[in-house]
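In what follows, subunit A forms one complex with subunit B and a second complex with subunit C.
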Partner chain A sequence: MEPAKIIEHSGGVIGVSWLLIALPLLGAAVLLLGGRKTDRFGHLLGVATAVASFVVGVLVFLQLLGFDPAERRRTVPLYDFIPGLTKMGLLVDPLSISFVLLITGVGSLIHIYSIGYMAHDPNRRRFFAYLNLFVAAMLLLVLADNYIGLYVGWEGVGLASYLLIGFWQHKPSAATAAKKAFIVNRVGDFGLAIAIFTIFTAFNTVSFAGVMESGAHPSQGTLTAIGLLLLLGACGKSAQLPLQSWLLDAMEGPTPVSALIHAATMVTAGVYLVTRSGAMFFPEGSTAAIAVTIVGVATLLAGAIIGTAKDDIKKALAGSTMSQIGYMMLAAGVGPAGYAFAIAHLITHGFFKADMFLGAGSVMHAMNDEVDMRKYGGLRKVMPITFATFLIGYLAIIGFPLLSGYFTKDGIIESAMEHNATLGWLAVLGAGITGFYMSRLVFMTFFGQKRWEADAHPHESPAVMTWPLIILSVGSIFLGGFLILGNRFMTFLAPAVGRPEHLPSFHPFSVAGLVTLALVAAGAALAWFKYGAAEVPVTAPRGSFLTTFARRDLYGDALNEALFMRPGQWLTRLAVFFDNRGIDGLVNGIAAGIGGTSGRLRRVQTGFVRSYALSIFVGAAILVGAWFVVGNL
Partner chain B sequence: MTTHYLVLSALLFVIGGVGVLVRRNAIVVFMCVELMLNACNLAFVTFARQNGNLDGQIIAFFVMIVAAAEVVIGLAIIVTIFRTRRSASVDDVNLLKY
Partner chain C sequence: MNGTIPAPTIEYALLAPMLVVFGAAIIGVLVEAFAPRYLRSAIHKPLTLLALAGAFVITIWQARTNIPTRPSAMGAVAIDGPALFIWGTILVLAFVSVLLINDEGHFVASASAVPGSAEEERALTEGAVHTEVYPLVLFAVGGMLLFPAANDLLAMFVALEVMSLPLYLLCGLARRRRLLSQEAAVKYFLLGAFSSAFFLYGTALLYGYAGSVDLAKIGSALGSVGGQDTLLYIGVAMLGVGLLFKIGAAPFQAWKPDVYQGSPTPITALMASGTLVAAFGALLRVFWVALGGLQWSWTPIMWGVAILTMVVGAILAITQTDIKRMLAYSSIAHGGFLLIGVVALGDKQQHNVSALSALLFYLVAYGFTTVGAFAIVTTVRDAGGEAWHLSRWAGLGKRRPLVAVVFSLFLLAFAGIPLTSGFFGKYAVFQAAVEAGATPLVVVGVVSSAIAAFFYVRVIVLMFFSDPAADGPSVVIPGGTWAVGAAAVLATVVLGVFPQPVLDLAHTAAQSLFVR
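== the complex of A and B ==
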């Protein structure tokens, strides 16, 4: 089934869906412009705008449900954005509303959690301002009905991400990580910008509706180029290979930021971009779609391998995020059969990964901001709520039967298997590694011996932090089954992204599903023997070559350094040399030459009248002589 | 006939020119300038006579008038310099230089 036509809409809640973006943007503006005067209530205003946006989102969703499925793609014109190029409008359809509910819903919970987490930070108001700015930009990204609006949101979330990674800018590591994230994202944004230029050249429009209904038939090469450039953009924002290196360093930001931006929402923007452009630029079996699946599989394995070796709890979770987004990319590359699973996994992942990141934040909060899991251990008794919610998130991500991750990840593996068996089995392998590294994380943190620092006095976090955890863990239990069973989500999403002719049916005991479960169980058992039952050394052992390989992020940074940074430095040094010696030499040389010559020449001005008279005489004689010569020719 | 006048004019001009170049006394230099001007006048008048019109003679008058005005200003400058510097040598007046 093809995606439905986009129709213009006015009136109702959908007619004012710009409120979704305006509310958090207003919050950010008040908090940033209001300065210290708003310190006292800044966090409350931040939460209020996020929650209000969520309420509007729910109302928009309910109104959308009232329409016939074929008429559920509504565009709300706002104003003439760039005259002659594009109008600005909001596209409210099943795909964007799914994102809206995830962003505002999980976003609101994380806002609430941050009240407790950032309680002792002197800059809490600024933090909430940036969070609101992020929510507004992210909503613009998913709601814009044209590529340029999307690009504005895309850059907006990049800015918010930069500001929030570097929120504790007094730490040099945080400042560097923020710069790294921004610069690596520039590479991806470059791809997206060129893609949009190419789209405009090929279709003479940049709106989704215009591209979909355009009569233009650009060459296959153009379409593939656009697809690959869009994929480059998606790789940058979603931390996919080869632009994955920034995500692990992005963990320098406060933990709620890692949960909201670098796990649940912003990093999934790449999946949104691929899904949104899917019907046009990533048709099933095209080069671009194959590239998407390959990037997805490579990243899901790379992220999982990195996750196995990290001792920093947040970096282990970041590796896991990369890996899970790899799954989503894989599904998005499969085509209409995979879109629903990609977005469903994106939503459930938003819940259980935010749950675990906030849980990790709760643990860090209790352990004096210690992030080294080797200094945790035995925390399940002192932090029962954090432990229980984390355990649910953990079971959901490894795909424990009947929890959210089980349904969505299984759907991805099944659709990949049907698409290409090799990709499918690699995804199964990734699930097995997930079972290992997530179990390792849980065992090292909550089980085993206490390996705490002497001054650590862990305690359960306050209610304002535990309630969001509880709500997120409830979502982590039920959401997957609710979305996948009976193809509920695929049917809902079909008007926006299309769906295969034959709806897939859910097989609880397929071969791939059973092998996945067996591998996950094996991974968990291995983790139990190595990190649960056995003693975990407080200082990390040197480990084998493979451990070092994973610890060093698969030498991704080393590769970037050797391939780009060092040649870049040589280039700048060459440019500096050329500038100093070449250009400056030329300019300064000419000036010095003229200065020196005139310095000598002015010695002619002796002040003696008779020598002037002599020069006049000689000059006159030469003139007369020349006149004679010329006259006689 | 004309040639003699012209040779005389050239001689006077060269004597004046050499005087301007080699003499140090400002008054003498000045007199040599007058000599050159009058050598020119002689040449003008010679040509006027040879060509049978009055143009050269008129120009000679103009030169005399300009020379008279010039003498007034020049002598005034020389006298002023002599009063301040106690010297009439052109080589002593060399402050305006590089």
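== the complex of A and C ==
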């Protein structure tokens, strides 16, 4: 089934869906411009705008449900954005509303959690302003009905991410991480920008509806180029290979930021981009779509391997995020059969990853911001709620039967298996590794002996932090089954992204499913023997070269440094040298030459009127002579 | 019939602006002769300003009602669109210059006294003032009005002298640095007389060639008279020397720095603005009306003069340490830029209109900025008078930020930075020149502008990024100077941001071109 046509809409809540973006944007503006005066209530305003936006989102969702499925793609024209190029409008359809609910829903919970987490930070108001800014930008990204509007949101998200990663800018590591994220994203954004230029050249429009209904038939080469450039953009924002290196460093930001931006929402923008453009630029079996699946599989394995070796709890979770988004990319590359699973996994992942990140934040809050899991251990007894909610998130991500991740990840593996068996089996392998590293994380943190620092006095976090955890864990339990069983989500999403002719049916006991479960169980068991039952050394052992390989992020940074950073630095030095010696030398030489000429020439200005008269006379003579020469030519 | 001379027909109404200025000048002389000393100043100031303002109003009124299509006053004067525009410009510039003159302390008490003598001392203690300045200025302005409107070479020569003679005198009237001022006056007079002789000799030779001194008749003779090329070439070259001397084009520029430096600064402002405008008007008229048919031969020569003028002006300005001399060289360079516009005049009607309107706009823009710059120069004072040496301007931005910012604005306008009037002036002239095919000239112009930008910006850097000296100059801003500065800032900014009305006005004025 093809995606439905986009129709213009006015009236109702959908007609004012710009409020979704305007509310958090207003919050950010008030908090940033209001300055210290808003310190007192800043966090409350930030939460209020996010929650209000969520309420609007729910109302929009309900109104959308009232329409016939074929009429659920609605664009709300706003204003003439770039006259002669594109109008600005919001596209409300099943795909964008799914994102809206995730962003505002999980976003609101994280806002609430941050009240407690950032309670002692002197710049809490600024933090909430940035969070609001992020939510507004992300909503613009998913709601814009054209590529340029999406690009504005895309860049806004990048900016908010930069500001939040570097929020504790007094730490050099945070400042560097923010810069790194920004620069790596720039590479991806560059691809997206060129993709948009190419789209405009090929279709003479940048709106989704325009491109979809355009009569233009660009060459296959152009379409593939656009697809690959869009993929480059997606790789940057979603931390996919080869632009993955920034995500692990991004954990320098406050933990709610890691939860909201670098797990639940922003990093999913790439998946959104691929899904949104899927019908146009990633048709099933095309080169671009194959590239998406390869990137997805490579990243899901790379992320999982990195996750096995990290002792920093947030970095282990970041590796896991990379890996899970790799799954989504894989599914998005599969085509209409995978879109629903990709987005469903994205949503359930948003819940259980936010749950675990916030849980990790809760642990760090209790352990004096210690992030090294080798200094945790046995925390389940002192932090029962955090432990329970974290456990649910953990079970969901490894795909424990009947929890959210079980349904969505299994869907992805099945659809990949149907598409290409190699990809499918690699995804199964990834699931096994996930079982190992996530179990390792849980065992090192909550089980085993206490390996706390002397001054650590862990305690359960306040209610404002635990309640979001509880809500998120409820989602982690039930959401997957709700979405997948009976193809509920696939049917809902079909008008926006299309769906395969034959709806897949859920097989609880397929071969791939059983092998996956077996591998996950094996991974978990291995983790138990190494980290649960055995003593965990407080300082990391040297490990084999494989461990080192994983610890060093598969040498991604080393590769970047060798390939880009050092040559770039050499180029800079060369340019500086050339500028100093060559260009400056030339310029200074000319300046000196002119100055010298000036100094010599001014001696002609003797001050004697007789010399002046002589110069006039000579000049007149030359003029007369010149006239004769020219006149007789 | 015998022995009777037919009375000439004179269109007094059309000549009214000049008549008002000259009339006021003569009244000024009578005031000098009959009014008691303590009253003179009080009479002169309003009289001069009113005359200039009245003449300006009449000019506007004329421009709005009817612009003659034939020469007036028996063919001696041509009042046409460009002439009226130039008149308006000169009158406004003269008005603001007189506001500068009004402010006390620029002129010597007794010009005839030997500098440093007891006689001078006595005149100073008596508080004597040279009120002759006012009628002299009015005569000079009258000459400036006639110069670009003169339609035959004799009338033009008379205008040249009427304009120049009062200026020679005014140059020598500076209150401070008397010797420098008198030297400037003598130099200006000697060299001016020298160049006038060239002009007159050229006139005679052209009369010999064409049998007339009427510009249009010379123009029509170009095609019909044969075998007299020697007379023509020497005559045109001589005439050119006289005109190029007045605008200070190289190699006839040597007088400008010395005279600009020695003269009382308000008089420098008047010369740098009004005289330049008038001289360009006359130059355009001669080369367009009389020598239009000879264009293929004067264009290459004008190329050479323009290039030499720009380069000499820009390069020599770099090593100047005296602010007034620097502005003088800057004025020479700007003369070169304007000559690019003269070269752009060509065969095609459309080119002519755009080149002429560009020149007219440039003259307005440059005139205002230059009066403003010299006005600022009058305000920065040491114990011995105005502080001319650039080192004295160091750190002015810290001591008197407003003055420094305003002066920087004028310098940026001279450099032709966007959002100042200088940008559009240069842009319009360069564009007209490119359209007329003079692209290499424009390249030289742009390079010279870049060189010139160096010494303008150097002054800005000096004012804002150097520490002020402990005994730095003080800044005194009398009311008139304040008004002049404000007007110049207004003109510089408005013409830089919203130039269209004046561009349109210049375009309309240029539409009719010069009458023949």
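Keep in mind that, in the parts below, the second predicted complex is superposed on the first by the 589 of 633 C-alpha atoms of A that agree within 3 Å, B and C clash if a C-alpha of one lies under 4 Å from a C-alpha of the other, contacts with A are read in each partner's own complex, and residues count from 1 in each chain.
FYI, contacts are C-beta pairs under 8 Å (C-beta built on N, C-alpha and C of every residue); 3 or more make two chains touch, one makes a residue touch a chain.
Here the structure is a predicted model, which is why all the values come from computation and not from measurement.
Once chain A of one complex is fitted onto chain A of the other, the partner contacts of A:Gly631 are limited to subunit C, with no touch recorded for subunit B. In the superposition on chain A, A:Val609 contacts both subunit B and subunit C. In the superposition on chain A, A:Leu574 makes contact with neither subunit B nor subunit C. With both structures placed on the common chain, the touch criterion links A:Leu623 to subunit C but leaves subunit B unconnected.
Contacts of A:Ser598 after superposition on the shared chain: subunit C is touched, whereas subunit B is not.
Which of subunit B and subunit C touches more residues of subunit A: that partner is C. Taken together, the two structures place residues 602, 605, 607, 609, 613 of subunit A in contact with subunit B in one case and with subunit C in the other.
Those residues of subunit A whose C-beta lies close enough to touch subunit C in the complex are 591, 594-595, 597-599, 601-602, 604-605, 607, 609, 611-613, 615-616, 618-620, 622-624, 626-628, 630-633. Across the complex, subunit B is touched by residues 602-603, 605-610, 613-614, 617 of subunit A. Those residues of subunit C whose C-beta lies close enough to touch subunit A in the complex are 186-187, 190-191, 194-195, 198, 229, 232-234, 236-238, 240-241, 245, 250-252, 254-255, 257-258, 297-298, 300-301, 304, 312, 315-320, 451, 454. Across the complex, subunit A is touched by residues 17, 20-22, 24, 29, 90-91, 93-98 of subunit B.
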